[in-house]
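By written order: A, B, C, D, E and F. Residues from 1 in each chain.
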Amino acid sequence: MEQDSWLSWKPWILAGLEDDGWRWDWTTLGCLREPDQQVRARLVAKADGVWAGDGCLRALEHVSREFGGEIRVSQNFFSGNRVKPGDLIATWEGPARLILAFERPVLNLVQYVSGIATSTRALCEALEAAWPNTGAPLPRVTSTRKTLPGYRDLAVLGVRLGGGEAHRVSLAGGVLIKENHIAAAGGIRAAVEGARKVAPHGLKIEIEVTNEAELDQALAAGADVVMLDNFSPEQVRSALSRVPSGAGRPLVEVSGGIRLETIASYAIPGVDVISVGSLTHSSRALDVSLLVDLG
Amino acid sequence: MEQDSWLSWKPWILAGLEDDGWRWDWTTLGCLREPDQQVRARLVAKADGVWAGDGCLRALEHVSREFGGEIRVSQNFFSGNRVKPGDLIATWEGPARLILAFERPVLNLVQYVSGIATSTRALCEALEAAWPNTGAPLPRVTSTRKTLPGYRDLAVLGVRLGGGEAHRVSLAGGVLIKENHIAAAGGIRAAVEGARKVAPHGLKIEIEVTNEAELDQALAAGADVVMLDNFSPEQVRSALSRVPSGAGRPLVEVSGGIRLETIASYAIPGVDVISVGSLTHSSRALDVSLLVDLG
Amino acid sequence: MEQDSWLSWKPWILAGLEDDGWRWDWTTLGCLREPDQQVRARLVAKADGVWAGDGCLRALEHVSREFGGEIRVSQNFFSGNRVKPGDLIATWEGPARLILAFERPVLNLVQYVSGIATSTRALCEALEAAWPNTGAPLPRVTSTRKTLPGYRDLAVLGVRLGGGEAHRVSLAGGVLIKENHIAAAGGIRAAVEGARKVAPHGLKIEIEVTNEAELDQALAAGADVVMLDNFSPEQVRSALSRVPSGAGRPLVEVSGGIRLETIASYAIPGVDVISVGSLTHSSRALDVSLLVDLG
Amino acid sequence: MEQDSWLSWKPWILAGLEDDGWRWDWTTLGCLREPDQQVRARLVAKADGVWAGDGCLRALEHVSREFGGEIRVSQNFFSGNRVKPGDLIATWEGPARLILAFERPVLNLVQYVSGIATSTRALCEALEAAWPNTGAPLPRVTSTRKTLPGYRDLAVLGVRLGGGEAHRVSLAGGVLIKENHIAAAGGIRAAVEGARKVAPHGLKIEIEVTNEAELDQALAAGADVVMLDNFSPEQVRSALSRVPSGAGRPLVEVSGGIRLETIASYAIPGVDVISVGSLTHSSRALDVSLLVDLG
Amino acid sequence: MEQDSWLSWKPWILAGLEDDGWRWDWTTLGCLREPDQQVRARLVAKADGVWAGDGCLRALEHVSREFGGEIRVSQNFFSGNRVKPGDLIATWEGPARLILAFERPVLNLVQYVSGIATSTRALCEALEAAWPNTGAPLPRVTSTRKTLPGYRDLAVLGVRLGGGEAHRVSLAGGVLIKENHIAAAGGIRAAVEGARKVAPHGLKIEIEVTNEAELDQALAAGADVVMLDNFSPEQVRSALSRVPSGAGRPLVEVSGGIRLETIASYAIPGVDVISVGSLTHSSRALDVSLLVDLG
Amino acid sequence: MEQDSWLSWKPWILAGLEDDGWRWDWTTLGCLREPDQQVRARLVAKADGVWAGDGCLRALEHVSREFGGEIRVSQNFFSGNRVKPGDLIATWEGPARLILAFERPVLNLVQYVSGIATSTRALCEALEAAWPNTGAPLPRVTSTRKTLPGYRDLAVLGVRLGGGEAHRVSLAGGVLIKENHIAAAGGIRAAVEGARKVAPHGLKIEIEVTNEAELDQALAAGADVVMLDNFSPEQVRSALSRVPSGAGRPLVEVSGGIRLETIASYAIPGVDVISVGSLTHSSRALDVSLLVDLG
């Protein structure tokens, strides 16, 4: 009912079953002692990380009923919780035919999203640990649009469950002028004015800049948000000194190759947003497995 | 026309555009100097790896025509080629409106598949380098079913372009009896016989074993392929000595946590297949970017 | 290629053909002298209004080719142009079988979108005519989310071709706190703060208020945009005097039952946006017809 | 279970949610005090009209369960009932997250269909009031095929709930030879004979005529139904005198710009059907709103 | 462009490729000498019958281009033509990868539809041969609604290409009151009156009767068409004597187990329609095969 | 939950309703005495055969609930059971509106699949009756890929319920080198080696041969399965004498025009598989009807 809605997971469980050609699962069809054989199975963490699969388990319950069986799930860990190797995340009970069919798609999904949550949590904690005690608000860590097509909802869910926030989730949900747009428009001022003219009045105008000269132009053009792209920590500090403060002050985002090893150096008051593409395109999957108990 | 068909890529380009809500790309709509502004863009590698996106560029050309524009692509590197930072993979020419809309979905896709190809190539080369000069055929490196739902075709494509091979691509395309099936069937013999009874006559019966006792039972039951799961290299050597040779000899697969650092130790004659799940669930994306040239 | 993309129209042409069960068009099948009979047809305006169907004619050409025939269209009037009764908007040439099948769906669509454009144009002109010569910028006239499901893209297109602008096109593309959200949150401050916390940093926080007390709270809470709902012109003037000016000044939107007869009275400097729901839910269709020339 | 089936409404509720990008409803996500916050809401008429949304409320209940929540609806007014401003049509109870998401799509739909029912009822009543006391049966008021693509089912539902009837709902469900078909066939006789030859034997052959000469030809060719297009009331009376009576007598339909102000003049015995395109393309939406009660 | 439109075939070619999991056609992938190997193939009849697959070959050409290759087809026989064993129906040229992929789906389709055309032709000819030389018009032979779901369009196409006609193609396209409807309505008169009330005015009211008493009631109720269900030829003759003649005379249909061996006995003047369910549910496929010539 | 899953049937019930345009079932809408009229109906066999529709009845129950009604089914006969004329297979209870809508699609489906099961059962019994008492295992009777697109799952289900087995269900699920592949590859050896190279290691390599010379080459190339295509019984015996026995012995399949009248002559020990295309492309439908009891 909130963002971790099982509705976001359901089509992907079905897609996984489709990939698997599950109707002709000869192995399972040959091994069941009876068509309705019931089993219990344990979903167990095999690595340290952040679990982010509640919605997937809700979808599993729901879809299993649509398939004419019923898999009942009870959970010990919930989305956002840390897990360590051996932790029993959840127990499934139901028909072996379905549990064996859903196993792989469900695991493939929860490993992916939990992997993203795990990476995000690590980054947020590193930032928080390095944050100076000045009273300045901690920046947001956000994802980018670098998500596998079709998986943006789930990828952003992983980021949020790890403690990060969404950047714009679509081109319709924010304005971000990048190098290519500037060139197309013929300059920073033209780009900012053009965007402001067509964009709905509820969207801020954000622009990516690659040096201080561009930053100055962006500020002069009235940008609401400036993104410092591939600025070193020193360059960020210098840039911040050029940004006005007070009412109507623009927000400052830093971006570009920031990773677990380097985020601490970007813990600079005045930075409002840190966006990290690798969260959604290169996080390692969290190892989780399903162990079926049979009687 | 061959396996790297653009048809496998097309739905995902469309899904990426959908994620992006591309019709309301306020930024681009605001920045174009004229609706039909034409541009040229360069697709450039930013890291070392194996390019695996030819089909995606074919899909880009095709889909752009369906969108009423036409993006023309000329390539310098082709699927299976190595690339290094700065290599100009391809040039795109066409309407700015479309090139800016397709940029992100295309990059998201080719980075993913090329990342898988890159990881696979590394693994294959490490295995080949370690392979003893005994005349025994080099084992296949294969993927598993640990692929993000919907992406199995593209993930396996990446593996094959990297030099690996497909394992069964669906439950309908192979029999693989695992621990859970054995328990469901009530034992190894029952599982093998049950599977052989219902499976089409053109499928071999493969069974996963976790120790030598199970291996012996599998061989006695007439398995066509045995998978040694999580066996150490020493355990693999010992197991191989129990497998019969000659006509009708079963194939031997090893699996379980094998990675770039350890694959050399599995370079053991008699092993036919090495399957590696991380290829498709945890490869790093290959960094590639698009630079628009404007006049 | 720009927003009036034929891609937005295509699915609705197909839906119209589907509604019609066009494959079993017994009337046409019985009346054609030969299966490939070619005809010419004239698309003619029957009323005064603003034409807004270029994209639909592009879609017609495109889809006709997908149907194995080819309807060629030449236009005399273009999206955004005014038309009057008798104006020959466009000529179609191609197979009678297809022209007779596409006639009704295309007319149904262009009449709808042109009707919206026509209403919007009238409203914009009435506002402009009444606008005082003070140098204050003319407010935007915008649509709302009161659009028939599935038709938002085309409805907003009609508004824009008529001279209006989009409000947020989706819940993801803007924040608008209404009466119900305030109650759910437990007050204006809680609502504004809650929304600011979860919304992407590129979205402004807009809030609807129904009286001056609420307006004051909204301003105190730091709203970026205030919407004065169902305020009389006098109430708008009074409210505007409470809104701060200068850097970071919030935008002011007025809304609620504004129509052609009353918009002039809202021509009040300081108003930034006037949103009008009836544009998209109750505009009259523009009368357009297709006359087939045979012979 | 009858024609007002919620199945006709369901895809459009989903389409409306899709238009809204409801998963990223930042406003609601930010305002809920707790994810499962429950509320009650009142659906209230704001204008005089005919309510025609029972099926939509059934669909709302059904779809809400598919979304993992449950909205319970109790109704005071039912499809076909008149409503006046302030009437409490129905009460909804359920999770705020869902009620706020479904509000706009449901309102957009019921306003549209109720608007059509309202216009149709007015037309039917005006006709009935003007009908002479001769014992001749009252003509049917019917819609046409001038419906927004995809919405034919719901538009015709609105007409029927208002007291009208369906004309053919698809090209497959009736034969109607119009001016263009006559020209394609090379004359009225050829058209009628051609249509009779290919059409299923259960369909009557209807033909549109624009003057008495055409009417005579249509009758001579054995048309089962004649449609008098754009005939004035006097022309209708004259035409009726030429139509044979007795067994096998053709039906007479009048059509063309008939509206609330003019329908009384077409209350002419002998007319069987009056078809009115504006019912489905230009009815005003019925104003209905949802008021959430929070506690 | 006419009813044998390739659009009706296209989705089924795609469904056949889907059934086949054509992307992983290991056999073909392993056997091609080069990815783009071109071949020529001959489509040859292996039995006597009526060819009915022109639309499928058009769809083949069209879809092959959508797949990035191009299969060019030249035909010697056309839909409606008779073929005998050995006749070269058509030649295909194009990429081996695609020709081998499309072979099976295309053959499966054309064999099915041609089989229906072949059975229909035989029935029509038997009827015509037995028809007495009285000047009475030959009855239509029609199909029924006994078609495999999804295949109604193609099944009816086969019937029409064989010389038969469509019965109503959908419930929306005709009224046919059967035994069950009579019981639901509480009698023949109630059923006829109920149907006439709700059905569009362009539909005749047809009713199925199983004996002369029912026939009399149907006629008295004003049925436009009567269907004599499972009447023997003698019973048909007797029934015909009770049906009025002249203007407004009802049509007479016979139905129920009529087959090639018995249709001659139903060659009775006064019968207007003979409907035969087995045409679409039990016709034998026409044997056709594809022979690839390679160089 | 096992292979006779109602999920395989559901989309086809929906497709049948779609073919029928069930929402506008004027006949039923006109005949119901009240919208919710409840009825009972009996599903009765009208011919001898094998019932194979359990899954369809489950789908009926399930889908009826999705349609807002509920059809309850109780069965006397189950999939795989023989039925004879007059047998009461099942009773349905529920709303007349739905039962009359679902009647035709359900009958069309169960007649088709039961027809396939019936033909298969006859073939298996004829084979078993003719099988010599030598202790050699009875061959499998299998279907082929000659199935109507979209219906492979249900067609193979019919075969299996009749006592047969699946051949490969897709190109991805087996390797079968046919004449055309041999030509493409340039010979039998090249084809076998090419296929073995790219096919997953769990697939056997099967090859179709048309004479003994080809058989010898196939055996020499190491084929795992040989298919003797269009061999007479004598040719089969001769061929069998050339096939090696013992460990690693290839399987032998015979195919080509085998039918009920001739299968006994192929009851030859050493044959492992008999595949029969006509089972799925030319079986007669099993006659089954629905009789509604009203009262």
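FYI, contacts are C-beta pairs under 8 Å (C-beta built on N, C-alpha and C of every residue); 3 or more make two chains touch, one makes a residue touch a chain.
This one's a predicted model, so the numbers in the text were calculated from it and none came from an experiment.
K.L.:
Just how many steps, at minimum, does a route from chain B to chain D need if it may pass only between touching chains?
P.N.:
2
K.L.:
Just to be sure I understand the contacts, which chains border both chain F and chain C?
P.N.:
A, B, D, E
K.L.:
Mind checking chain C against chain E and telling me if their interface is mostly the same residue numbers on each side, over half, or mostly different?
P.N.:
Different: fewer than half of the residue numbers at the chain C-chain E interface appear in both copies.
K.L.:
Would you mind checking which chain's C-alpha centre is most distant from the centre of chain C?
P.N.:
Measuring from the centre of chain C, the most distant chain centre belongs to F.
K.L.:
Suppose each chain is reduced to the average of its Cα coordinates; what separation in Å results between chain D and chain E?
P.N.:
Here chain D and chain E have centroids separated by 34 Å.
K.L.:
Cα centroid separation between chain A and chain B, in whole Å?
P.N.:
Result: the chain centres lie 23 Å from each other.
K.L.:
Would you mind pulling out the distance in Å between where the CA atoms of chain A average out and where those of chain D do?
P.N.:
Measuring from centre to centre gives 45 Å for this pair.
K.L.:
Find every residue in chain E that makes contact with two or more other chains and list them.
P.N.:
Residues 21, 23-24, 29, 32, 166, 169-170, 172-173, 175-176, 198, 200, 203 of chain E touch two or more partner chains.
K.L.:
Taking touching chains as linked, do they make an open path (line), a single closed cycle (ring), a hub with spokes (star), an all-linked set (complete), or other?
P.N.:
Contact map by chain: other.
K.L.:
State which pairs of chains touch, listing all of them.
P.N.:
All touching pairs, sorted by chain label, are A-B, A-C, A-D, A-F, B-C, B-E, B-F, C-D, C-E, D-E, D-F, E-F.
K.L.:
Would you pull the chain F residues touching chain D in the complex into a rising list?
P.N.:
21, 23-24, 29, 32, 35-36, 67-69, 95, 97-98
K.L.:
So in the complex, the part of chain B that touches chain F is made up of which residues?
P.N.:
That would be residues 140, 142, 165-170, 172-176, 198, 200-204, 206, 224-225, 246-249, 251, 253, 272-273 of chain B.
K.L.:
State the interface residues of chain C toward chain B in the complex, per the touch definition above.
P.N.:
The touching residues are 1-3, 5-8, 58, 62, 153, 166, 169-170, 172-173.
K.L.:
Per the contact definition, I'd like the list of chain E residues that touch chain F in the complex.
P.N.:
12-16, 18-33, 37, 39, 41, 96, 100-101, 103-105, 107-109, 111-112, 115, 145-152, 169-173, 175-186, 190-191, 194-200, 203, 278, 281-282, 284-285, 291-292, 294
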